Amino acid sequence: MSGMKKLINDPADVVSEALRGFEAAHGDRVRVDHENKIVYRKDAPRQGKVGLISGGGSGHEPMHGGLVGMGMLDAACAGEVFTSPVPDQMMAATKEVDGGAGVLHIVKNYTGDVMNFEMAAEMAAADAGTEVKSVVTNDDVAVQDSLYTAGRRGVGITVLLEKIAGAAAEQGRSLAEVADLAVKVNDNGRSMGMALTSCTVPAAGKPTFDLAENEMEVGIGIHGEPGRTRLPLAPAKEIAALLVDPVLTDLPYGDGDAVIAFVNGMGGTPLIELYLMYNEVKQLLDRAGITVARSLVGNYITSLEMAGCSVTLLKADDDLVGLWDAPVNTPGLRWGA
Amino acid sequence: MTDVQSLDRWLRDFAEVVHDNAGLLTELDAAIGDADHGANMDRGMKAVVAALDAGFEAPDALLKKAGMTLVSTVGGASGPLYGTFFLRFGTALAGVTEIGAEDLGKALHAGVEGILARGKAELEDKTMYDAWAPALEAYDAAVADGTGAALAAAAAAAAKGRDATIPLVARKGRASYLGERSAGHQDPGATSTTLLLESAARTLS
Amino acid sequence: MSGMKKLINDPADVVSEALRGFEAAHGDRVRVDHENKIVYRKDAPRQGKVGLISGGGSGHEPMHGGLVGMGMLDAACAGEVFTSPVPDQMMAATKEVDGGAGVLHIVKNYTGDVMNFEMAAEMAAADAGTEVKSVVTNDDVAVQDSLYTAGRRGVGITVLLEKIAGAAAEQGRSLAEVADLAVKVNDNGRSMGMALTSCTVPAAGKPTFDLAENEMEVGIGIHGEPGRTRLPLAPAKEIAALLVDPVLTDLPYGDGDAVIAFVNGMGGTPLIELYLMYNEVKQLLDRAGITVARSLVGNYITSLEMAGCSVTLLKADDDLVGLWDAPVNTPGLRWGA
Amino acid sequence: MTDVQSLDRWLRDFAEVVHDNAGLLTELDAAIGDADHGANMDRGMKAVVAALDAGFEAPDALLKKAGMTLVSTVGGASGPLYGTFFLRFGTALAGVTEIGAEDLGKALHAGVEGILARGKAELEDKTMYDAWAPALEAYDAAVADGTGAALAAAAAAAAKGRDATIPLVARKGRASYLGERSAGHQDPGATSTTLLLESAARTLS
């Protein structure tokens, strides 16, 4: 048991048992296909509405299962911890949520996720003739983009995208419109994350990496992987700058822009620290002349019990803010309903 | 001659090897990935063994079933990659029941082309392809000596390719996110590929 | 820095900086008196509505500041980390939220909290003549109750009580009615908690206690203190029984009862584990013939970054369930609005 | 004779002592409480020192201001308890400017009664009262020898009372939640009380 302190039974059963608890807690809004490990919006399929599907490895809760419900996802496919789901799941979900208006796959840019969703889309097209479009999120500025690499990771923007695209689908926008909007959200969003601690994949039984008491990892993703650089631990003020600066310069965001600002916890960092970080982030944005139209602070796209945080900025126009404000009713995100 | 029985033995042997090496594979993946390659392969090969119990008449059916099973149970990068390998490997052997060294080689090539089609890896991207590429070359060079010898050569070459991934900076897969920090670590997928070929060399002839 | 990995600046500024971030993130619903460290519902005082005040040491977020808003608290007084607020804060808050219908103080049963609230109530009565009633929560079954001791701690029930009393006040019930209801909620609620790890008070700089890799503390409160007993780490199924059994026998809850079931994370435990725990808790309740009328799963009353969880059960009748379902709009708990 | 100047010196001295011992107090509180007693007392006494800078004419005003300041800045259990102590201590000295040993003793008694009124502690509950009670007794016994001697006796008795808290099972305050596990640890509040009396013995005469 060394190195693993978790509220679990057999590591092999973590995902299926958590899904049972999730369904028991939220059976008013979702139903769960336990064999396929798919969380469905309870009233899916919605006739005439574009179906939204996402999925990925487990361990990022509330994303994605906790983001299923009115105004957001129609289905979420849960893989093993940090392992993308398999094509069969996405195929089944695609069929199930198709209300005649087509289905959008929201995929985070990881080799495994992309390949498994691709296979599912090929199979779904060949099989049922469902119209499927895909959007791949890749907002992580820690990774240098290049034609010759796997590209950037999809991280925090995925949560904002699922909210905004979900609202658009709820309004009755077409598959092409929702897909275009999703691409726009991804293109206008950038993120950067850091970790104070590693995390332990249940099946592995010990922390993915070791980090000394006075060290932190900067430029991490959401799979407990080490980041781009290891730095000495620093005050929140400096950490905020390490995260915000590369985000601001990458797009670039500038004086006069309005953004949706998202300070996300990696799972083991308590709210008191996330609010303290948001205070720092807000000051940096003020200094850069950037207005915060809306904000989100909390643990939404996590890496098991990792301590740390990420900052996501999304350049927002009135359409995006309106869609952000639209009612949403999921276990993880809820307002106006 | 390789036949459906020996293929069955191979996959069962590989499943055992993967189970015994799951800790190693996960540890390698922890260093430059997300610490799941051992669990992924173990889960997949257990499912393959369960599927084998149904019994198969023809090599292609058995191999395609293995591929489908891997696709359906592994997930991650390795699921589609190994799954596609076995699907194409099997498809290339359609109609063949007694597989000679030449046919086996052609099928291996087809399988690896599937990996490339899915993953778009190139040499020295620090992926399983860095084990597959030298393995195919060695196999081709030794094919005249028969299946057993060719596979032994392929396994040895794969091991060299695996070791050669250590200094590389990853350009594909999760390890690429680490940039320069990925250098100095052995690629987990190249490691499982080497195990697969070593198992083949032990069980096929 | 050894032993402390936190997203903070100067440990002395943690609470005030977090409050600034909190206000920046939730300025649509709350305002913050930074000098007094009080979070107010933005539109307080509400004329004719009973004012609800709570407060306590910081480090339990979202409680209490994150529970301020329509349908819940009117004000929350934030103390230093794990240190109850001072009477001046409660006096100021009492004055500010008094809409003419009196004010209810919701106090967790800790010597410090009780004494500081008591002094405030004495001063407020002497001063402005505001009618103040107090309810003290003491739902923690880990502590043996006795006339000669400090009694039981107030833990998880406090969150449920603030929701239910908040809804009653919103409906226009009188101070006496709201206070009686609050007492009823406390009397019908019981909790038990456990920790997988300790936590670090920022000013202390190192973990409050040491716990070996294969140990857990059972019967903890919410201040990072050691629990009643140290036990070998166990599977979730056994931990659930360790928490649920003493809760069920204490009241006692029995066959045919309906409850609001609350699985709470201590701050560092990710949702995937909390849902897994809820699955275990639900099975135990099923076996005992207890119906779950409503459930709440998440990090609501925390102990900084401590890993662990607590279980709270509240025997619920139709009135309580109706009040639970009533709209609430706070940063930490929101539905129907 | 104790006067407003020596009281001022006492509280400034105690503030320094508390600051230097904050780590110790917090460590004791970590073992059986919530690891904040040092920070609490340090924050409070810093505020008292800042308040003293305003300058006071009369002992009672100075002491009541110290009490109010502690109530307003410390929080927790120790804030109301030490705050009430100084409020009642000061009130008992209303109108007195040159304080003799007898008057000081009566005022100390009044202060400790305030602690009891607030906290309802009894002997051997493992609280600061276990240092205060023997201290008052020793003070009374030595009062004829003058303030300095009486305070020295009180401080020594407080230290004994503090040490005697170690084996006790707590019945009040946070430590009571630990049940039997609270035995074997020294009470933080009894420790700060001893520091307060030791400081008094050094600065008042």
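Going in written order, the chains are labelled A, B, C and D, and every chain counts its residues from 1.
What we mean here is this: contacts are C-beta pairs under 8 Å (C-beta built on N, C-alpha and C of every residue); 3 or more make two chains touch, one makes a residue touch a chain.
Fair warning: this is a prediction, and the values are worked out from it, not measured in the lab.
Chains that touch both chain A and chain C: there are none. Centre-to-centre spacing of chain A and chain D amounts to 54 Å, using the average Cα coordinate of each chain. Look at where the CA atoms of chain C average out and do the same for chain D: the two points lie 31 Å apart. Within chain B, contacts with two or more other chains are made by no residue at all.
Residue numbers of chain C whose C-beta contacts span two or more other chains: none are found.
Taken chain by chain, the contacts run in an open path, each chain touching the next and the two ends left apart. Looking at the complex, you find that chain D touches chain C at residues 26-27, 30-36, 38-40, 43, 71-81, 118-119, 122, 171-174, 176-179, 181. The residues of chain A lying in touch with chain B in their complex are 57, 79-88, 110-112, 115-116, 118-119, 140, 142-144, 148-150, 153, 201, 203-204, 208-209, 221, 223-226, 228-229. Interface residues of chain A, counted against chain C in their complex, comprise 1-3, 5-10, 14-15, 17-22, 24-25, 58-59, 61-62, 66, 196-197, 213-214, 216, 233, 235-237, 239, 267-280, 282, 292, 295, 297, 299, 302, 304-305, 307-309, 334-337.
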